[in-house]
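All chains are identified by letter, namely A, B, C, D, E and F, in their written order; residue positions are counted from 1 within each chain.
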C-alpha cells in the first residue's frame, strides 16, 4: 500500500489541493477568481461527459446493463444508510439529518475524476462507461433524502420544484449533455477537439481546480470546532463504508479493479455543488454549515488523500 | 446533401450549441460566467487574426486583390438590401430598419469560424487570407446603415463618434491587430505559440463558446412571439440571399469552393457584438430586441445548422 | 545586436504588448475581463513554479549555492541603490522614495518569463533553477525598503504585519508552492500535466497576458505628464544599472549567458503586483501613482522591448 | 430640494433586500405580484447575526432594490419577513427617496 | 444624529442613476461638468417598465452614485431626464444623506 | 409609512463606506468591535477628489454598508475619518432608514 499511497500523494493534483489548504492556513490572499473556478468546473464536467460519451458509443449494452442497475441501487441505498446513521447515532434533528443525507446520497464529480486519474496512473484504467454511471448516481440520492425530510418534517415544501431544479441543474446537464454529444459526434469530429477535452489539458485544469478547492475547504476547517467530533467521524466513516460497498458491488457485477475503484470512490463521495442549493430551498431549517463542512472539509480530502488508494487496494484484493 | 448536413450536425460544435438551447429551455441554471464567455470571445478573435496573419504573409497580393474588392462591394451592398427589405416589405419604422440593417451589414465572427471548421472537415479548407476579408466586411455595413438611419431620421446623432467606436471596437482591434502580429511575427516565433491558438485548443474553445451562445440565443426565443413572423422570414431569407450572393461573388473572383463557402457564410451572417452598442447610441429609438432576436435567435442558428452546408453545396455546384 | 532586437521585437509576445498599448491609445474598449487577467496571472506563476521545481530536482546543491547567495545579495543591494538615487538625485519625499524603492527592490515575474522565452529563442536556454532565484528575489527588497521608510518617516506602521502579507502573498505562495509541487511530484505524474503548464500553452497564455498588460500600461502613460522627467530617467536608468549588475553578478558566480541574462532581467525589473498593496498599507502617504507609473509604464516596457536583448548582449560579451 | 416643476420629483420608498443568492429568483418573481414595477440587483457578500457567511451556500449574496409606493413597500417587507426571516440570511430596509418621473413606478393597484 | 462637532457631518444629496452599460461613460463624463466632485459605480442587473432587460444590449447595467449639493443634484437629474429618459432604460433617484467632511464634495460653483 | 405593528419597523442608520480594496478587511474587522452586528459589501469603481482612480492600486474599490444605531454610526464614522481620510481614497455617509425587525441589529452596548 506504501507505493500506492505515494503515487497518490506525489501527484500534482493532490499536492495542489494541499497547497490550497496551506495557503489559506498561513493567511494568504491567494484565490482563483470565482468566475475562473466556475468556468473550470463547467469545463471539467463537460469534458468528462464528452469523453465518456465517445467511449460509451464503443460499449455494448450487455457490458453496461448490470453496472447501471448496481449504480441505481447504490443511489437508493446511500441516502438511507446516511439518514439512519445521522438520526440513530448522531441524533441530529430531522432537517439536518435529511440535508446531510442528500449530500451523501449524491456524488462529487471531482472525487470521481481524481479516482479516474489515479487508476490511470496505476496502469489500471477504468472502463469508458463510468461517467455514465456518475450521471446516474448524481440525483436519486438527493431526491430520496429530500423526500424523507419533507415527510418527516411534515412540511409542504416544494419538493417537486426542487426535483426539477436538480435534474435541470448544471452538473447533470453538462454531464448528460456531454455524454450525448460525445456519443453522437462523428469519431473524426471528436478527434479534432479531443486534445482540448482530454489528456494533459484536462489534468492541468483539474490541478488548478483542486488548488482552489483546497482554499475553499480550508475556509471550512475552522467550522469543525463548532460542528463537533461526530461529524468528523461521520464524514470519514460514511466514506469508508460507502466506498467499500461501492467496490464490492462493482466487483460483484463484474467490473475490473480500476472500474470498481472508481465506482467505490463515487459511492464514497458527497456532493457540494448540486445538493446544497436544493437542500437550502427544500429544508431551510437545516444548517448548511453542517453538510458543507462534512462533505467539503472532511469527506472530500479524506477520499482524495487516503480513500481512493484504499478503495483501489480493496478492489485489487477482491480481484486477486 | 445528406452526408454534408450530417457532418455539420454531428460535430461537437453544433451539438454544443443545441445543448445550450436545450439547457435553457428545460429551465437549467447552466451558464458560463460572463467573464469566461468574454475571455473566450477575445481568444477566438485574436487567434483567428494571428493565424490569418501568418497565412497572409504567404499569400501574394495578386491572389487577394480581387477578393478584397469583392468583399468591400459586399460590405456596401448588404446594408442596402437589408434596409430595402425591412422598409419595403416589413414596413418597419426608419430607426428599426436602419438598426437591423446595421446588424446585417456587419458579420458574425463565430459563424465565420464555424464555416472554416466545416470546410476543413469536408476536406476543402479555405484559403489563408479569408480572415483578412472578415476584417474588411465587419465595419462598412454598420457605418452605411447608421448613416442612412441618421439622414432619414433627421437626427444629429454622433455618427462620427460612433464610426470611431466601431473602428476602435474590440472585434476589429483583435482581428486586425492579430492579423498584423501574425503577419510580422517570425515564423519560428509563431510556431512556438501556434498549438495554443490553433487546432484542438481553438476548436475546443469554440465548442465551449457555442454552448454559451446556445444559452444566450435560447433566452431570445421567447421574444419571437412578440416580434412576429416577418422577422423570422427576414432572418432566414436575408441569410440565404446574402449567402448565395457571397458564394457567387466568391466564385466569380476565383475562390475555390471552400473559400467561397466561407465568404458566403460571412456574407449571410449578422453581427451581435459590434453592431448592438453602436446602434444603441446612434439610433436609440430603435428597439434592440428586434435586431438582437433576428441576428442571434434566427440568422445565427440557421447558418450554423442549415446555412453553411447549403452554401457549401452551392459552391461545389458552381465549381463543378 | 540588430538580429537580437529583431527576434525580440518580432515575437507575438512583444507584439501583443504593443497591440495592447495601441488599442488603448486609439480609444478602444478592448480589455480582458479582470478575472481572466487574474486567472492567467495565477496560471503563469504556478506553471513557472511547477516547471522550475521539476528542474530543480535535477540540479545539484553545488550548482545552485553560489547563485542563491548572489541573488540574496542583489535582493539587499537593489532597494538601497534605488533609495539612494530617489532621495539623492530625485529629492523625493521619504515615503515616496521608500515606496518606489520597494517596487524596484522586488521583481516582475512577467519580465522574468519574457527573458526565459527570449533566451530560449536565442538558443541559449537558462538553467532550470532560475525560478528558484526569482522566488528568492521577490520579497527581501520590499521588506528592506519598507523598513527604511518606516524608520525614516518615524511611523509606527505595521511593518511586521506587512512582511507577513508579502510572504503569504499570492505571488510567493504560487511560486514557492509550485516549486515544491514540481520538486516532489513523481516525474511520470509531472509528465501527465506538463503540456498544460509548459510549451505552447504557457507561451500562448503569456501572449494574452501581455496584451492586457499593454492595455494596463497604456492607461498609465498619461500620468507621465504629471510625474515628470525624473521618473522616466529613473525607470530606465535603474533598469539598466540593475540589469548590468545582475548580469555581471551572474557571470561572476558562473552562470552561462542565458542564465545570466535572465538574472539580469530579474534584477532590472520592478514589481507591480506584490509591492503595491504592501506599500499602500505601510506607507499610505506615498503616492501610488508614482511607483506604479514608473514600474508599469516605464521599466516594464523598457525591459521587454530593449532591456532583455541588451542584457543578453552584455552576457554574451562577458562570456566571450 | 428646489426642483423645478419640470423635473416631476415623486416621493417614493426604496426597499433594499439583502439575501442569499438562492432566494434571488424567488424574491424577484414575487415583487411584481406585490405591485413593484421593476428592480435592480447587485452582487454582494456579507456577514450577519446568523454567524453565517452569505456565501455559505455556494454563490454570493444579492442586494435587491425596488422603488415603490409606501403600500407596496409594506407588502414586500411583510412577504420577506414572513417567508424568509426565520430560516434564511436576509435583511431588508426602507429609505425615503425622491424619484424623477416617479409616477412611472406607481404600479396598478 | 448627535455627531460630535469634530465629525463635521454635512447634509448632502446622494443621486443614484441606474442605466444601460452603454451610457456609463457618457453619463459619468457629464457629472463633473455639472459640478459633481466624484462618483462610485457598481455593476447591476435589472428589469423595469420598459419590459427590457438592462442586459438586452450585451453587457449588464450600471448603478452610478454621486454625492452632491441640491443644486447640482437638480442639474444632474435634469440632464439624465432630458437626454436619456425617452429612449434608454434609465432610472434616477435622490436620497438625503449626511456626509463626513462633506465640504470636500461641494464642487466649485 | 403606515406599517402594521406586526412589521416592527425600527429607525436605524445605514452607514455606507466606499474605500480602496486594500482597506476592506481592515475596516470590516473594526466594524464589529464598534458595535455593528453585520455588514454587506459590494465591489465598486470610482473617481474622486484625490484624482486617484480607486483602482490605482490593483483591485477595485469596495462599498461597505452597515445598519447600526446612531451611536455606533458616530463611532464608525469617527474611526474611518481618523484612520483613513488623510491618506486613502475613502468616503462615508449616513442615511436614515427603517429596518424590518430592526432590533436584531442593535448590538450589545
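By definition in this document, a contact is a pair of C-beta atoms (placed from the backbone, for glycine too) under 8 Å apart; a residue touches a chain by one contact, two chains touch by 3 or more.
In this text, all values refer to a predicted model and were calculated from it rather than measured experimentally.
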{"item": "Graph distance between chain C and chain D, where chains that touch are linked", "value": "2"}
{"item": "Joint neighbours of chain E and chain A, given as chain labels", "value": "B, D"}
{"item": "Of all other chains, the one whose Cα centre sits farthest from chain F", "value": "B"}
{"item": "Most remote chain, CA-based centroid, reference being chain C", "value": "D"}
{"item": "Between chain F and chain B, distance of the C-alpha-averaged centres to the nearest whole Å", "value": "47"}
{"item": "CA centroid of chain A to CA centroid of chain C, Å", "value": "40"}
{"item": "Chain centre separation (chain E, chain F; CA means) in Å", "value": "19"}
{"item": "Rounded Å distance, chain B centre to chain E centre (Cα mean)", "value": "37"}
{"item": "Numbers and ranges of chain B residues touching at least 2 other chains", "value": "33-36, 201"}
{"item": "Residues within chain F bordering two or more other chains", "value": "42-43, 95-96"}
{"item": "Chain pairs in mutual contact under the definition given at the outset", "value": "A-B, A-C, A-D, B-C, B-E, C-F, D-E, D-F, E-F"}
{"item": "Complex contact set, residues of chain A against chain C", "value": "6-7, 10-12, 15-16, 19, 22-23, 26-36, 117, 121, 199-201, 203-205, 207-208, 211"}
{"item": "Contact footprint of chain F on chain D as seen in their complex", "value": "13, 18, 42-49, 61, 63, 70-71, 73-74, 77-78, 80-81, 85, 91-96"}
{"item": "Residues of chain F defined as touching chain D within the complex", "value": "1-4, 6-7, 9, 12, 14, 28, 37-43, 67, 95-102, 104-105"}
{"item": "Of all residues in chain A, those that touch chain D in their complex", "value": "34, 272-273, 276-277, 280-281, 284-285, 288-289, 292"}
{"item": "Chain D residues within the chain A interface of the complex", "value": "20, 22, 26, 52, 56-60, 86-88"}
